[in-house]
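Below you'll find the structure, written out as structure tokens, and then a few comments.
Chain IDs A, B, C and D follow the sequence of writing; residue 1 opens each chain.
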Amino acid sequence: MEDVVIRPLDKVTLRDPILIEGLPGVGNVGKLAADYLRDQLPAKPLATIFSKFFPPQVYVSEAGIIRLVSNDLAYWRAPASAAHDLLILGGDYQGISPEGQYEITERVLDFCGQLGVKEVFTLAGFAQGRIVDQPRVLGAATAASRVDAMKKFNVVFSRNDPGGGLIGASGLFLGLGRLFGMEGVCLMGETSGYFVDPRAAEAVLRVLTQALQLPIDFSALQAKAQEIDRIAQKIHEAEQHVEGGPSPGPPAREDLGYIG
Amino acid sequence: MEDVVIRPLDKVTLRDPILIEGLPGVGNVGKLAADYLRDQLPAKPLATIFSKFFPPQVYVSEAGIIRLVSNDLAYWRAPASAAHDLLILGGDYQGISPEGQYEITERVLDFCGQLGVKEVFTLAGFAQGRIVDQPRVLGAATAASRVDAMKKFNVVFSRNDPGGGLIGASGLFLGLGRLFGMEGVCLMGETSGYFVDPRAAEAVLRVLTQALQLPIDFSALQAKAQEIDRIAQKIHEAEQHVEGGPSPGPPAREDLGYIG
Amino acid sequence: MEDVVIRPLDKVTLRDPILIEGLPGVGNVGKLAADYLRDQLPAKPLATIFSKFFPPQVYVSEAGIIRLVSNDLAYWRAPASAAHDLLILGGDYQGISPEGQYEITERVLDFCGQLGVKEVFTLAGFAQGRIVDQPRVLGAATAASRVDAMKKFNVVFSRNDPGGGLIGASGLFLGLGRLFGMEGVCLMGETSGYFVDPRAAEAVLRVLTQALQLPIDFSALQAKAQEIDRIAQKIHEAEQHVEGGPSPGPPAREDLGYIG
Amino acid sequence: MEDVVIRPLDKVTLRDPILIEGLPGVGNVGKLAADYLRDQLPAKPLATIFSKFFPPQVYVSEAGIIRLVSNDLAYWRAPASAAHDLLILGGDYQGISPEGQYEITERVLDFCGQLGVKEVFTLAGFAQGRIVDQPRVLGAATAASRVDAMKKFNVVFSRNDPGGGLIGASGLFLGLGRLFGMEGVCLMGETSGYFVDPRAAEAVLRVLTQALQLPIDFSALQAKAQEIDRIAQKIHEAEQHVEGGPSPGPPAREDLGYIG
């Protein structure tokens, strides 16, 4: 089989589309943000991406229906007054080997290039290893002009972070994107790195939607963040109890990992 | 060499064949079921599948004859009154890398598609992590119509199981099968996951043979289940003795893994 | 680059050549036997095999000259009275991944098939996990006729050994060889598995040279075996001393691994 | 995508160019030496090499600009009086899998061969596992003539070192280079192997620049070596203090790994 199979679900012509990437990663920040944006706009399904570089796995819905793991492209037609339609890339996994990461990214960029994409935003989390109350949004970009543009939206370009560079899809879509003549920005929401973080996703999305002038309602994402907070609080209390004495079964810490 | 080599042993035209997959996996349930079905019908050899994604290994028979590890397709011509001939896929291994799983599954599906397959049943075990006295058969399917059809045979479509989806051939044959226009069902026999489980295989086969109206005698499979029970019982007694004091060498627990 | 590169060093026409494979493995038995046979006949260089499935490594000679790791084919022209010329395959490594094992074996078999090979002998060690005083030669073959033929030379075809089959080149050359219409035999010299074992290599070679009626002098191989014995004896004595008290630095056990 | 992508940045015709390879490895000796040579000559950018056999990673500059990890070829035009222009290969990584090492090396050699390269110098560190005060330069070569030529520059061709051969790019560029009709030498600076070692890099470069009659100023490299010495000294003192009692936070040992 082809290493990467892109199955079109629709055939569209888009106006100067911008690609927004948000795949699973640190705190699931990028995926949370991209999925939320797709649902709120809402964007429509454009293509499904299968690959032998994903795990050999299907998901089963509550109704018992299977679905092969994939990445997915959706599109959104902007109002006539706006300059750019959008393409949004989400999915279940990043490629599970280095070669797979390169192959999948290159094929998706090639597909998007044919649709006219010249600009890419990648969304990710940045693990701080500590609880982050007010997540900042860190940035990296393909060109100085993009750095300057994003500073206006309070994106932080830090001399030290990310020190070792970016590993995975959010970096690769920009790095390989340059070989396709694309420019772009990576937006990284600060997060602890310990569990999924809708608050960091909101921080990232607020920058993105300001930059692209997208009117998005954040209330559902905030509700999800509060739900996480409640669970985290219960865990915290339970751990206090455990130190002090026995307590009735609280939600396990690992539950947090599945709230997305 | 080709990544996957399919060597035809016979050339046949089949009537609307249904593919039944049962490869090694949890409790060897799928393989036990598929092999038993093949032997009981009996089905005839159709093709041998070699691949560099299997281990570089040969088996040696008691007579000293080597055989390269493989997957194997057999076919069964149904009586004129029945609608579907059968193809049965068994073998020594699943592909040993994720890429290998995809490549092998895709090649076998392509081969079967050319023979007219539009429907797939995959057989597997579902590890419960505890002794299962009366194994239920859990299901997952490609379409709601299949879910409904299988519920009539007491297949359980559970909201929670399998929670993380299915990994391996039984899921992939359905997930990739859809790209070939095939529909299908995965039947999973509940099993402890600790040793090979002919009883779970029987539960799976009973559903399958009811659904496909195949008259199969289960006595040999039941005898094998009783043999496993006897060994498990001896191990249990031996472990009791060990707790109480020394005992003469009982069958080692790992022996169970080789009874197939 | 090509996955496997076969560089011819000579261009020959051979009479019904038989391929003899002996690559590094258990006790280095196969490699010792094949290298010794090649040196004693002596056989002449025919082709060098490079591959990206070998380690990215060069060896450096005592004179400081580098050599890329490889497998190597040599040929021997039998006297006019004999029916078969020989091809001997030796080398530094087997392929270091399962896929690599398949690819290299398939390419070498294809090359040998073009030279007229229809018969293969693979030489290997069989690890018994205990000191073996009088190594037997165990066998496995592609056909019952070969089993019968080898029994005349006291090759043991055991119901239980090798239980799990053969993993690696010695099995694969036979298993894949059948896809090239080749028949063959694997000869496995019993060995402890703890260090290189010229005695097991001699046992294997004695069967092979009887079967092929090759007049080989074994004195140099026996001298090497005695050298190993002496070192093993010293290690044994040193270990006795260590249990009893301090001793002057004896040869380290790992030295044995490098005597080849 | 292509496994290895070579993007030309300039189009040049060179006079009998010699390739000098220095990629990350033991003590980063080869990379330090090649980078220093490139900066001092100075050499000009010729081509950027991307590959799916590198990590899926981008680096971020202090200004926030991303750059996909790569290897890089630079060229230097020698004065009219000299016989050879130079090509210098440096970069962020060696290929991260054995296959990747072979693929990248072969593609770069092919590219260099088209530019007329017939001679290769590879630069590396040789880990001694102990502090080395006066690093010698060990050698390995493709031919006896090269061994003799390098002995004049006090390169040591030792019967025992490197015992197990060379693993990685510095060996492979010579080993595969021979398949392209290239000859060459590997120069290995002795180093502890514990941290980056500009002193070993200087030793290697002194041999190379003598052999190629390149006038290079070593003061910046020596300054870097002294900086490492100072940090090592502080660590040493700090460790003394730790044994004797508490001490204010000294530079961590791992800091040394990042000084390049």
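Operating definition for what follows: contacts are C-beta pairs under 8 Å (C-beta built on N, C-alpha and C of every residue); 3 or more make two chains touch, one makes a residue touch a chain.
These figures come from a predicted structure and were not determined experimentally.
Two copies of one chain, chain C and chain D, touch each other, and the residues they use overlap weakly: the shared fraction of interface numbers falls below half.
Centroid to centroid, with C-alpha atoms defining each point, chain A and chain C lie 54 Å apart.
Chain geometry summary: the mean Cα position of chain A and that of chain B are 38 Å apart. Shared interface positions of chain B, defined as residues touching 2 or more other chains, are absent.
In terms of inter-chain touching, the protein chains here make up one closed cycle, each touching precisely two others.
Contact between chains, per the stated criterion, is found for A-B, A-D, B-C, C-D. Those residues of chain D that touch chain C in the shared complex are 95, 98-99, 101-103, 105-107, 139-144, 147, 157, 159, 162, 165-169, 171-172, 174-176, 178-179, 186. The touching residues of chain D, counted against chain A in their complex, run 1, 5, 7, 50-60, 62-69, 96.
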